[in-house]
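Same chain, two partners: subunit A is paired with subunit B first, then with subunit C.
Coming up: the complex of A and B.
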């Protein structure tokens, strides 16, 4: 564990930039997001949850799969430097671990390389994540429902706490520890620093909402698929898809070609299960033609289907969908609604 | 680049032969050969699997492989002209180069079918992977018991692989029941929808059954099979969904916690009844 005086942090970030392409939370247009920085001063340290999640560092909103021309196919090369992300919050660190199960480990098909996503792997596999504690969680935060907390370190390479005058850095993974050992300029931490961290943690936890026990959620969801609750839940949804775009765990995408004649590129782009066209087949048949079916798909995927495949929920409680929803469809309320729901069609046991 | 390192890169294929299957030219069968010998060696598949057919500049669409692994060197796809990619496929000429990604998904339970009587029920141009299956079984004829095929189309023009159907009809080691929706002049075979004909044919319920066709046909044929007394784990079907990646990531072919592209497209009725609203 080392500490770096805030006034010396830019020096640390620049040291990091020697070996890594560094991403940090910053202003992007009128919103905040994680972006690749050219100078340490671009990073804003006062943002808790960025408007857009950092998933696009590893799974960009649009990504060229290959270019084609008369000379054949050209696949984008891996960047020379690996990626480091400064200031990621644990909800987002956790979400990347979930996405890695889909894109990286190909857990269900572990034996077959064809199910691993090379574009994800070339960015995520060697990355270094500086996971920062949230001293002041937002009113929309509910990571504590999902075994998270503002000071969680799971999935971090280096855990960072802002103690006012200092940033305290604790190596968590081997990669993280090795990096801190290499950096000679940090100061040693004292007992007072540890006390300060404990105090900050306690304050941060007091910001969090009461924990809702979501253990029964999976089983309950097994029984509500054809229940009228979905009409209630989806009634005000306008299928805008904003929740899926800001969500750090949503990962549906489209593959589309751009070009004219023999020259062009094949691109993948974020897509959304909220859109009718997402599942509409060329014949006109659409298995999820109704808004209710699409809302059910999203909620069931988060709290039931993903659990079935990977034994965890596909949600980290970051609260971005709550912030962004234009009709105030609050996913925390949906969870409570499902838990409290009295089955009409199926037996409760 | 090898397709196993990057599944998104299509394998180049040459259009060897195009067969127009029906008078309105809306169904065409493409025989593709591998441009690179290396790709040909690596590409092993089983009846029931599918590929993403790729036209650079237009995109990709999934199609069941209609050839059988016993037909070496070529891959056969039958394409109905429906959307923008299939339109472009219909513009292809013999000699053109296209791309495919695959083979994807699982396949019909050929190991389990060994030594068993098999009933194949198909509808319309979804007969593609069923053709693969039938050709495969006929090529390994001694491995299987009685083979019964029930195949329906809206009208006689809409059957695909008409020459092969004629050949099979002459053989005594495969029983073919062809049916069209409505009586039509010159058609001397069966008339009626597939579920009704299945009821009339009443295949032996100790056999294994593979059903593939439009969702509505599957939906009404399954109850008939159950009524006849087929075991739930001996009925198999192949599902279709809009797909993009084909490797369980892009999200659109999800049904319940399964993805049609990697957990299917072949599912037993035993599995399907646990998945809500599969068709």
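Coming up: the complex of A and C.
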């Protein structure tokens, strides 16, 4: 564990930039997001949750899978430097671990040859994540419903706490520890620093909402698929894709070909289960033609199907969907609604 | 808004309507949320204040109606812009006017969350208090006072029909039309810039679009059963958020709602990346007004500008 004076932080980030392509929380347009920085001063350290999630650092909204022309096929190569992300919060670090189950190495079964996505792996493997503690969680944060905590370190390579004048850096993973050892310039932390961290953690936790016990959620979801509750939940949804696009865990994609003559490219791009075209078949039939069915799909994927496949909920409680929904369809209320729902068709037990 | 609650209870009790679409208290300080009221008891949840931003008429048209229940007669609480959308639907034969009961509410404008966020420099406002023409924002470690006007939607600041020109009931007393001499100031100011500057601005702005289509989906005038961006045979535009494709999407959407946009500002409020969507829609509105003397949704007996023809119309844009 080392500490770096805030005035010396840019020096540290520039040192990081020697070995890594560094992404940080920064202003992008009128909003905040993670972007590749050219200079340490571009990073904003006062942002809690960026408006857009960092998933696009590893899973871009549109990504060229290959290009073709008379010269043959060109597949994107791995960048020379691995990626480092500065200023990520634990909800986002956790979301990447979930995506790594879908695309990467985190969920492999020995008896099966599981798919590993090369485009994800070339970015996510070897990345270095600086996970910053949230001193002031937002009112829309609810990571504590999902065993998260504003000071959680799970999945971090380096855990960072802003203590006012200093950033305290704690190596968590081997590569995180190794990097801090390599960077010799930091000061040693004192007992007072540890006390300060404990104090900040306590304050941050006091800002979190009451924990809702979501243990029964999965089982409840098992019985709810054909219940009338979905009409009630979905009535006001206007089926835009804002929630899915700002969500750090939504990962459904489409593949599109763009080309003319002998030249072109195949692109993978984010898709949204909220769009009616998402499931429309070539015949014109749409198995999820109704808004109700699409809303059910999104909620079921988050709190039931993903659990079935990967033993956890596909939600980290970052609250971004709550912030952007144009009709204030608040997912925290949906969860409570489902938990409180008295089954009409199926038996409860 | 007890009067609103009483009126809705009354029309539900009299079976004048099967449902009333209105606003209820939302989960965030500046967001009311759409509610569907079927019983007198539920009517108690209705509110109307400056947080009632949504244009609820977007739930009315058949192809966009997401409520899977079939209602014969729908009541809807409307601000000025919302009532104009109902007029639009009626003149475009999307609804029968007599099947909708409009409850007008006196509107002084609604809040634009984005403006609030800018004023407090991105800090989180946890509550607010209105005191006359001032508003006090309170966050964890700050308190800031601003004038109400600073945080109203641009659409509201330019609104000339705040009090539901078309209504069956009105809560309170409707005002006459409001004269806003500088309603098109934003368009005129932008027009002063050089073509290069304007193009650079449009490109910069739309390069941030993430193509979530929130603008299209909240828009009451955007009710095509299948949007051109969703067609893939032929595919009209690329699906990635590449700037040229995003500009094409927004340009076509703008032209498609030409003479039909009621400037309710729903698209602006819905955009998760705060695009300046109004810079083009207001320009188109002005063009239609100048050329055809037409304002969408203001007269239920007038044919839509784009669906009618007059011999004395200005045709200089065709003849050069």
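One rule holds for everything that comes next: the second predicted complex is superposed on the first by the 341 of 349 C-alpha atoms of A that agree within 3 Å, B and C clash if a C-alpha of one lies under 4 Å from a C-alpha of the other, contacts with A are read in each partner's own complex, and residues count from 1 in each chain.
The rule is simple: a residue touches a chain if its C-beta (ideal position, glycine included) is under 8 Å from a C-beta of that chain, and two chains touch if they have at least 3 such contacts.
The model shown is predicted, which means the values in this text are computed figures rather than measured ones.
Q: Return first, second, both or neither, reflecting whether A:140 touches subunit B, subunit C, both chains, or no partner chain.
A: Touch status of A:140: second partner only.
Q: Pick one for A:118: touches subunit B only (first), subunit C only (second), both, or neither.
A: first
Q: Is A:283 in contact with subunit B, with subunit C, with both, or with neither (first, second, both, neither)?
A: Touch status of A:283: first partner only.
Q: Is A:254 touching anything from subunit B or subunit C once the two structures are fitted on A? First, second, both or neither.
A: After superposing on A, A:254 lies in contact with both subunit B and subunit C.
Q: Applying the document's definition of touch, where does A:235 land relative to subunit B and subunit C: first, second, both, or neither?
A: Touch status of A:235: second partner only.
Q: Quick check on my understanding: which residues of subunit A belong to both its subunit B contact set and its subunit C contact set?
A: After superposing on chain A, subunit A residues 254, 256 contact both subunit B and subunit C.
Q: Show which residues of subunit A lie in contact with subunit B when the two form their complex.
A: 65-66, 68, 73, 75, 102-103, 106, 108-109, 113-115, 117-119, 225-226, 251-257, 259-262, 264, 266, 268, 271, 273, 278-283, 285, 287, 297, 300-301, 304-306, 308-309
Q: Can you tell me which positions in subunit B touch subunit A when the two form their complex?
A: Counting only subunit B, the residues touching subunit A are 1, 3-10, 56-61, 82-83, 85-86, 215, 240-242, 244-245, 247-252, 254-257, 262, 276-277.
Q: Which part of subunit C faces subunit A closely enough to touch in the complex?
A: These residues of subunit C touch subunit A: 26-28, 31-36, 54, 58-59, 66-69, 114, 122, 124, 126, 140, 208, 210-214, 216-218, 230, 232, 238-242, 266, 269-270, 272-274.
Q: Give the list of subunit A residues in touch with subunit C in this complex.
A: 28-32, 47, 51-52, 61-62, 136, 138-140, 207, 231, 234-242, 244-246, 254, 256, 258, 267, 269, 272, 275-277, 290-292, 322-324, 326-330, 332-333
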